[in-house]
Each structure stands twice: as C-alpha cells, then as structure tokens.
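Note that the chains are named A, B, C, D, E and F in the order they appear, and that numbering of residues resets to 1 at the start of each chain.
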Amino acid sequence: MNDNRQHYKMIDVGDKAITRRVAVASGRIVMNAETFAMVRDGTLPKGDPLRLAEVAGVLAAKKTPEIIPLCHPLGLDQVRVAFRLDAADSAVTAFCQASSSARTGVEMEALAGVNGALLTIWDLAKQVQPDLAIEGIRLLLKTGGKSGRYEHPDGIGELPEGFGS
Amino acid sequence: MNDNRQHYKMIDVGDKAITRRVAVASGRIVMNAETFAMVRDGTLPKGDPLRLAEVAGVLAAKKTPEIIPLCHPLGLDQVRVAFRLDAADSAVTAFCQASSSARTGVEMEALAGVNGALLTIWDLAKQVQPDLAIEGIRLLLKTGGKSGRYEHPDGIGELPEGFGS
Amino acid sequence: MNDNRQHYKMIDVGDKAITRRVAVASGRIVMNAETFAMVRDGTLPKGDPLRLAEVAGVLAAKKTPEIIPLCHPLGLDQVRVAFRLDAADSAVTAFCQASSSARTGVEMEALAGVNGALLTIWDLAKQVQPDLAIEGIRLLLKTGGKSGRYEHPDGIGELPEGFGS
Amino acid sequence: MNDNRQHYKMIDVGDKAITRRVAVASGRIVMNAETFAMVRDGTLPKGDPLRLAEVAGVLAAKKTPEIIPLCHPLGLDQVRVAFRLDAADSAVTAFCQASSSARTGVEMEALAGVNGALLTIWDLAKQVQPDLAIEGIRLLLKTGGKSGRYEHPDGIGELPEGFGS
Amino acid sequence: MNDNRQHYKMIDVGDKAITRRVAVASGRIVMNAETFAMVRDGTLPKGDPLRLAEVAGVLAAKKTPEIIPLCHPLGLDQVRVAFRLDAADSAVTAFCQASSSARTGVEMEALAGVNGALLTIWDLAKQVQPDLAIEGIRLLLKTGGKSGRYEHPDGIGELPEGFGS
Amino acid sequence: MNDNRQHYKMIDVGDKAITRRVAVASGRIVMNAETFAMVRDGTLPKGDPLRLAEVAGVLAAKKTPEIIPLCHPLGLDQVRVAFRLDAADSAVTAFCQASSSARTGVEMEALAGVNGALLTIWDLAKQVQPDLAIEGIRLLLKTGGKSGRYEHPDGIGELPEGFGS
C-alpha cells in the first residue's frame, strides 16, 4: 500500500536567518477583592504568590518545546516575568518576555511563561477561592525574523519596566 | 542569627485519606471566522490542531508537578481532553478531566491540561492569525476529598460525553 | 455546534485493584563481528557500552509516561536491565524488567527500558559501524492484574538471573 | 592514590563546523492482520494510533539528550515523522527525519523518534494483541558534517514525501 | 555465550510496607562577608536568592528519580526548604525535608532538595564572588520503614520550625 | 495601581559574543574506610558507584536549566566527569568539566554535574553508611567570555587527564 502518512508539519527553520527575536505576552487572573488583597499582600496560606509565579513563569517558558509538540527546542537569551496589580478589577496581569538569537520566534515561550505564572497564582489562591478565572491571554508584541515587528491591534498598553525593548 | 526562613508551604498530605479525586476544567481560544473554519476543518498549514491539542493536553496534565512548584507529584488514574466548537463565537472550548486515587486533589492537573491544549491550538493557528486570545479558564467541577463536590457557581454547562462522572 | 471531540482514551484505572505487576521485554542490536568484539570487551572509543546502556535503560523506563502519551504516571517498585551476548549472531540482547504495585501494567515501561538501552549501545557503536540494526523487540512476560500471567507464544527462553520472578 | 577515572567520552564538538545535518531512520512494528486493520482504520479502542504516534515521535526526538547519556543537547531545525502501511506483512513502518544546524549529527534524534512512534503504536495496539514485535530499526540516511552523505548499504527504498531532501 | 550482565541493582521495594517516611538533610554555602550581606538582604543583582532557592529546592527534590539513576519514582506528601543565616561564618545553611507515604525512604529527595537550593544561591551570588563553596551536606534525620529513626551521630542541631516532626 | 513587580533578573545574553566557554568544578564525598574500600572496589550492594556516578553527572549537567531557575537553556559541546580516590581521607573527589560555544558561561553546568555525581555515589553507599558528607564543592576554572580565565584562588591542583584544556 502506497501510503505516506504525515499530518503535522514542524516548520523547517534551517534556511531562516539567526536574528534577535523578542516576544511579549500577557494574561490575567481574576479573583474577588478578599483574595486579591491576600495575593497583593503575600498573605495566602501557602505563601507569597507573585514571587513564586515569577519563577514558575520563567521555568515554564524554558519547558515550551516539551509542552507544545511542534515547537523547536532552542536556546533562550532571556526570560522575564512581571506582574501588574489591578485593584479595581481584583485582577493580576502577568507579563512574560522571551528573547532568543534564533531561527524561529519565541511567541510560544512567552505565552507558556504567562500560563505557568498564572497557574501558579491559582495554585496558591485556590484554597481561599475556587472560582478563579484566567482571562485575556494574548500576544502583545513580537520582533525579529522576516515578518518584522508585530503589535497587537488593540494596542500593547504600558509594559512593565524593561519589557518590549 | 536565629533565622528560619521558609516562605512557601507545600501542604503535607500525609494525613489525608486516599480517595477518588476528579476535577474538570475548561477554557476557550477565540479567533476570527476564517481561522475558526481552518481549525474546525483541520486545514491549518501545520496540521489538524484538535487532535494534536488533545495529546498535548494529556501530556501537560502529567507534567503539572514540574510546572507548578508546590504541586505534589502523584499517580493519575486518567486524563481526558475534549473540545467543543462554538461557530457563533469563532471559539474552541477545551475541557480536561483529571482523575486520581490520591491524598490531594487534581484541579491543577485539569487546569494545566486545558492550558497545554489551548496553547497547542495557538501554535498551529498563529501563522494565519496572530491576535488570538485565550479566555475563561476555570475549574468547573471537583469531587473527592474532605470538601466533597464543588461545582462552579455559574454552573458547569453541558460537559463532553463521559466527563464529570 | 454540538461537537464533543475526544479521540484518545487513556484508560481509567481508578476501579482496578492495586496488585503486583511485573513485565519483561527484550530486543537485540545486531552488528558485525568487529563491532561486537568491541562492545563485548568495552573497547569502543566512547566507552564501555553495556554499563552505560544499563543505566540508560533504567532511566528510560522511568520516563515512559513522558514519552508514550496515554501511559499513566505511576510509581515503580524496581527496574532491572541486563544483557546477553550472542557471539554467533554478533548481537546483544537487552532485557528489561519493570515491577510496580499499581492499578495498571508496566509493559510499556519494560519496552521503553529495552529501547533506551539498545539506543545507547547504538550511540556508542555508531562511530565504528553505521549500519547497525535493532530487531526483535517483544514483550516476553507479564504478570499481575485481571488478565493474569502472559507469556509470549514463542516462549520466553532463558531469562537473565533474577528476572521473571 | 593517583587515579583519574573517566570511562565515558562525550565527544567534544567545539571544534566542529556548524553545518546542516539531516538524518533519516526507520523501523517497523509487525502485527496480525486483524490488528493491522484496526491500526490502519484508526479503530483501536484507545484511538487512532498513527496520529498519536506521529506526535509521540516528534516529542521523543526532542527528548534524545535526556534519554541517551552521551548525546549533546542541541537545537533542532525540524523533526518529521511519517508512516507507511504494509498490508502484505501486516506491518507499519515509521520514518523519522531530524534536521539541525549544528556541530554534531542527529542520527540518534531520528532513531529516538522512530522508537517513540513505534512504542506508541504498541501502547494502543497491545489491548488487542500482546505479541507485537518491533523490527528493523536502522539509519537510512545521514548528511552534513565532515563525513558527508551516508546511505544504508541495503539501500534506502522509497522515502515518505518530503523526506531525505 | 552464557553471559547475564547486570551490574546495578535498583532495590525491589514491592514487598516493603507503605509507611510514612520523612528525611531531613542540610548543607551550607560559604561566602565572604560582603556577599553574605547581599544574600541576607536580597540585594544581589539577579534578585533575592533565598526565596528563589527555596522554590528551586522543592523542584529539585521532585526531580530526584530523574537525576539519581537507581532512585524510585514515587509520590511525595510534602517537600519543605528553609534556610538559616550564619553571619559569623558568612554562610547560609539550607534544610530540606521530604515526606512520603511510600515503600522506600526519601533521603535522596531531601539531599537533592538541599543541593538544588544551594546551587541556586550560587547562581545568584557568583557574579559578585566566584570562589564560593558548598560544604557539609549531610543527612540529619530519617524516620519510617523497617530501620526506624536515624539521627546523624554528630547531632541534628536546631531544625527550622516545623521540620523533623 | 502602578506596580511593575519583577524580582528576578535572568541576564539577557543577546548582546554577548559566542565564544568557547569551559568550566571545571569539583567536590568530594567523605566516608569511612570500609565504605571507601567498597566504593573503590565497586563492591557496594547496588553496584559499582563510580561508573554510575559518571553517567549521572553528565545527565545532571545537561539538566541544569531545569534545576536552576535563572540558567539559560543552551547547547553543550561536551560534558566530562571523572573521579580521584583519596584513600588517606576515605574520600572520592568528583570533577566535572562542561564546555559550550555560547553567549554565557557554563559554571552552573559543571557544578550541577559534580552534584549529580556525588549524590549518586551517596545513593549507592548509603546502605552501608548513612553518615556520609559532601564537602568542598567549588569552581576550579572558567575560561571564555568577557572576563577571561578564572582560577580558584586556592589553586586548582592536578586536574584529571584531559580536563582544563
């Protein structure tokens, strides 16, 4: 039987140029006011969630090719994770910036970092509030490669200090 | 200097009973109508995203204790991942159910599975649309353990076949 | 759209009994007489392949749920890897036995252990002979669980000391 | 005691040139006619094995330096996995091609991908037939680096579409 | 050739009783007074090392069976990491306690946690002082299993709050 | 609330030059004379510890970016692990050399390799002696990058054959 089954196409990046690639993603976790105060003040029973989430986000970004099947394993120049606290909405926004000198972009690394950070906040806050929600995960910014600079059409807002450069 | 610094508290589950634990989480990825049609029909350039995302979700759920620092490593009885296509909203909802006979719950496993699945759809769809969004990640259902059955206060809607039992 | 897509079914082992499960798998790597002598004598340029392969086989068996998507993460009681040298065929047979007190069998762990061991021999021998071959990977033996003892219909031959008990 | 024990030699690739490296490996899983029909038609109880195996093969190739102790961690340009169905022999042949712009070859990545794919088919088929066998794992093709192009002395047969280029 | 080569013996824990197992290990990193002050005050250029090291220690303990070849993969009830600052010696002592309801002890998990924590402090402090040293890694305490309670013959000193119980 | 929380700074290596980087670390495990003899002669109940530790050290060095949160994932040119036996002190010294053609140094890789090797010796020796100790982990040598060659101020002693070049 002449059957050559291949369904998934990991892109061959061998012919692409090594350029500096940067991507910034963000997303937020929404909670009630009591939970928000404990997240902000670091008084959740299991500990201060934001520092833990920062570390978890960095580690998750590095694990991207293990989690997302068609992502390329590649070296990273840097991963940064930071948070913005929105008291009015009782929400924490996580930002992750990934950078690489590579043949392919690092959007998925930035997105995986945001997800790892938000899930870690969830893990610490779930004892005091089970009906948390993660909303608005999006790619804000992407530079490098053939397609050049991309900014989210809704705007990228104000990025944390040192991000986006 | 008398200083005992410990900030994070992984819960000691040694005294908890081994009971059957089940958790169901969901979340959705929102796109435009053209992208949605390609996701639905499996015609994205890198391949059919839903089957790939199903596998990625199962693998991500198994990786939970590597990604979320204070999660306990534990055996899993099952992980299931399924999708619902919402043409009206051009959105795909991912569901993940994790089950374990364990001393601690498996909410984070279900949530990590949803995230892994949605990020994988993103990875395949990003070539045709960069302004995707992940919205509404929440814990729908949790059973087992001392606290008994939990359902999300907004209701759990209709679960995929075989989920929630 | 009423669409509940789930294609893969990781078996729910929650209702299965915890019993002692043992599985033995084997497979062999075939080479020419010169390579075989170097494998046997431990004189390959990169080092003694059999001890390295033994370690690699144990580690590969422990990685099974990361490599085989629908395998359950579970604790293992033991993994053993041993080799038999067949000078007549210029072949090395690797055996791996995995044991667990679990709700599901450990065949895939035994098979992954054999594969990890054979690939490691390949990695050390490939410098001196590129046309190696791995042949005859099979499950020899499986005990425990509802289905009881299984032996390969072609017989299991003589197992390494301490295997199969 | 003057004893400098080092037994294993991971090759120092620091002086090698970065060139495009490609490797193709293959191997097959042999079953009976009934199992083959279920594999071909995707009607095994746990789901369609070939797509799952394709994903598993890609992920296994990326895990190579974790599984094979003396392999170098490196970035990959691409991994492809495809299958050929041989009804006459009730066998499925898996092919894996790995590519990298690196200082060292990617044979082991291609071989690990083949193994991961074949083991995943095994995992889905073992419920209906325990006496499966993996046979004929070999390196078909290797290009790049100082030694240039290598083809298996028995010939490489017809490769899946897009492989070998 | 009748040759059954098996060199390494992962202990078969299948016949051992599931009991509560606890182990506490410690070790210290020694630096100069200037570095010590920056570690204590969290003013190193890359950030506050102690919280980061606490997280890294927990994650390293969970990775034990991946790092130490003959260790059993097992579920953990808890991992705790804490530090004591010794200004007189310009040293930070890391403590890690691992607990499990398992068939085998968790000393290696506690030791791996100490190592992961100390290496992470090193990583943050190395910019300001390259001649750091890790000293005195030892097992302080072990309970559970057939052999009962073990305490280090030199005494276990004062443990961090909540450790050793 | 205007709050940009980022506490940890993974260094951005995007502007650094790719140069050959080498690092050598060492550390020792101290035991009593009886244990030392069994380590030296390879007669511990679980097997010959030095070869196993050599493999474990290589694998641990490759895992560095997974264990140490702010380390960069990067390709390695080589990892070497060797041992020196000091009968007078009943101690085994482990050396690990890591090399890379990268934008950042590989000290942490060398240190992680030493730790993985020493912990593996511990795992095999702990059955016969629980009061082992790891002492004197330090960075002996570092070359490459902007800061040039570094040698430990106490001297680097005699390195194993092939190290330090």
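Note that contacts are C-beta pairs under 8 Å (C-beta built on N, C-alpha and C of every residue); 3 or more make two chains touch, one makes a residue touch a chain.
Just so you know, these numbers come straight off a predicted model, no measurement behind them.
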> How short can a path of touching chains from subunit B to subunit F be, counted in steps?
Replying inline: 2
> Taking each chain's centre as the mean of its CA atoms, which one is farthest from the centre of subunit E?
Replying inline: D
>> More than half of A-D's contact pairs recur, by residue number, in one of C-D, A-B or D-F. Which one?
In response: D-F
> If you take the mean of the Cα atoms for each chain, which one ends up farthest from subunit C?
Replying inline: A
> Taking each chain's centre as the mean position of its Cα atoms, how many Å separate subunit A from subunit E?
Replying inline: 30
>> Quick check: how many Å separate the C-alpha centres of subunit B and subunit E?
In response: 31
>> Can you pull out the residues of subunit B that are in contact with at least two other chains?
In response: 7-11, 48, 51-52, 55-56, 59, 63, 66, 69-70, 74-75
> How would one label the connectivity among the chains shown: line, ring, star, complete, or other?
Replying inline: other
> Taking all chains into account, which pairs touch?
Replying inline: A-B, A-D, A-E, A-F, B-C, B-D, B-E, C-D, C-E, C-F, D-F, E-F
> Which bits of subunit D are touching subunit B when the two form their complex?
Replying inline: 48, 51-52, 55-56, 59
>> Under the stated contact criterion, what part of subunit F meets subunit D in this complex?
In response: 20, 50-51, 54-55, 58-59, 62-63, 74-87, 99-101, 160-162
> Given the complex with subunit C, which residues does subunit D contribute to the contact?
Replying inline: 7-11, 27, 45-48, 52, 55-56, 59-60, 63, 66-71, 107-108, 111-112, 115-116, 119-120, 122-124, 126, 130-139, 142, 150, 152-154
> What residues on subunit A touch subunit D, complex-wise?
Replying inline: 1-14, 65-66, 69-70, 72-75, 102-103
